[in-house]
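You will see two complexes here that share subunit A, one where it goes with subunit B and one where it goes with subunit C.
After this line comes the complex of A and B, so read on.
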């Protein structure tokens, strides 16, 4: 979860805006709709896509365990898996908004991928000096798994804070840039 | 709102049908299935070792191990590390 989800988000989202910007297809949308609708609809659909991929993969893996493994407690593992999937929604929002920001900033999709990867690696490296700044801080992740506590509230607020920051920046860049 | 929904639906359907999405879905299924496999194998091995030693009730050990799995959030690497540190 800790490394897999950001990597998946990176690979799925990096070209969502940059590719269309590179191809110059946004101008066709802009005849009929606003930039805000384009940006937020792309962001929402990308989030739905990641959520569906992770949920489908989880359910298939549980089914695999049910049929292939002896003494496999299907209901219990299914319960855990759905709980962890739900808990992973807020980090998913934060990482997606970060990748979207870079995708709206640069014109070449590969550059968006490089910048996003560098930021993810940087967020991991910064753990050594300023752990409170890093979304990989284990305390934030652990907080997501203890429902109904102050720790969970803090974790959710931190990830929503990252989401608000990156989404706003990404949208402002997308709004101002030459398409 | 209607334009937003149409764009949302179009983007989502286009993305879901892409080869990239299907590739990562398959990759994620394989990773998750492997993680489940590792957890189950490690758990069985732990029970086998305790049974061979005699003394501790395997069911009790299974329960405590399940608790550890929950605590470690099904992170297979952590589970293997913790398992290796179990004194025998």
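After this line comes the complex of A and C, so read on.
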């Protein structure tokens, strides 16, 4: 789920802001409301989309018995599943924020797609030399699946940090740029 | 004079290209104001700053009251119905949820599109699209409306309908229109602002502009003889266009009023039995516009 979903996120989010800017649909909103409202409501809806997609996938996995927890009752299984889902979603939020940032930066949607893909590749390269810098560091991902440990907490915090960084940068770009 | 929009020292550059060089503009309240200028003069840049699409490098503007706008190059989302598009925009305009439906009916009625609420926007003709653009600008009953080239690209019938619609909109409301169509501006606006290379070169009532240099144009049914021409020249400085059988007389209205000049010329023409096909007084806005921009 975690490896396949980033590609899906890329396809869903790359045009979220860039396409509206390119088409000119923003112009009917901008004189009515603030850029902050436009940006954060679109950002929230994008994250909600991701949360729903991954929640659906997690529940399907539970229903089809991918989590073999023989000594637990259904509620406990669901509880664990939700905990994994909440932890597992954090890197996806970070990834969404990054794609969203590029979508707020460029006017042509295709460029946002290219920049996001290039960043993923770039981050992969960085990971070879400075693993701690890359949001795609697999150690962080692994940490998410060791529930109740400091490793998991660290991983969640790192991804939430990246989410805050990318979304704030995206907002500052969106607020300042000519549309 | 109460102003609906006041702009002071507005500047904007795109890289090295200067679009606005310190624009000053005052739009009187409850008027229809024509914003004129050549391509690239800075009209759309001004509207874009007012609409919040771009930011100015310097200067301020004051626009008390609610604004509605028909921006240039704005598009509605593809595939959505007109009423669902307007619903979102009405909510963003601050219309209460319980009043959204009636507000949509009101604005669609204002643009004569009551029966088209369920039509997807991408199925609309260019004329309908402009009307929806005007309808969305009316949502929330704004105090000032900014229309960026509202009749651009429309056929004569649709352009006429939009002009007529705009004329009905300025009851207790200010309307600012940017256009290249000078005849249109002369017909529907009572004030004009002429912008050139990012600066305002004239601002004031249309009437004042077109009567600055008073002229009378007599189109005659035949060419008068030289004797008559001499007599007319005695009334005032007259020039003749033999091809157009047109007598063009320019005079100083401080010495001779339009009515007096008209009476004297007509008397002379009747005496010499020269038929008159038409009389036009004053300059056209086009003539004055070209003069202001030093293009005549």
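The rule we apply is simple: the second predicted complex is superposed on the first by the 149 of 179 C-alpha atoms of A that agree within 3 Å, B and C clash if a C-alpha of one lies under 4 Å from a C-alpha of the other, contacts with A are read in each partner's own complex, and residues count from 1 in each chain.
We take it that contacts are C-beta pairs under 8 Å (C-beta built on N, C-alpha and C of every residue); 3 or more make two chains touch, one makes a residue touch a chain.
This is a predicted model, so every value here is computed, not measured.
Q: For subunit A, which side has the bigger count of touched residues, subunit B or subunit C?
A: Tallying touched residues of subunit A, the top partner is B.
Q: So, A:85: does it touch subunit B (first), subunit C (second), both, or neither?
A: Neither subunit B nor subunit C is touched by A:85.
Q: Quick one: is A:46 in contact with subunit B, with subunit C, with both, or with neither? Answer first, second, both or neither.
A: first
Q: Looking at the overlay, what does A:179 touch: subunit B (first), subunit C (second), both, or neither?
A: second
Q: Answer with first, second, both or neither: which of subunit B and subunit C does A:24 touch in the superposed model?
A: After superposition on chain A, A:24 lies in contact with subunit C alone.
Q: Touch check for A:56: first (subunit B), second (subunit C), both, or neither?
A: first
Q: Just subunit B (first), just subunit C (second), both, or neither: which does A:33 touch?
A: both
Q: For subunit A, give the residues common to its interface with subunit B and its interface with subunit C.
A: 29, 32-33
Q: Under the stated contact criterion, what part of subunit A meets subunit C in this complex?
A: Checking each residue of subunit A against subunit C gives 23-33, 35, 176, 178-179.
Q: Which residues of subunit B touch subunit A once you look at their complex with the stated criterion?
A: 3-5, 7-9, 11-12, 15-16, 20-21, 24-25, 28-29, 31-33, 35-37, 40, 44, 66, 70, 73-75
Q: Using the touch definition from the top, list the residues of subunit C that touch subunit A in their complex.
A: 48, 50-55, 67, 69, 71, 73-77, 89, 92-94, 136
Q: Within the complex, which stretch of subunit A touches subunit B?
A: Touch residues, subunit A against subunit B: 1-2, 4, 8, 11-12, 29, 32-33, 37-38, 40-42, 44-46, 48-49, 52-54, 56-58, 60-62, 64-65, 68-69, 71-72, 76-77, 80-81, 84, 141-142, 145.
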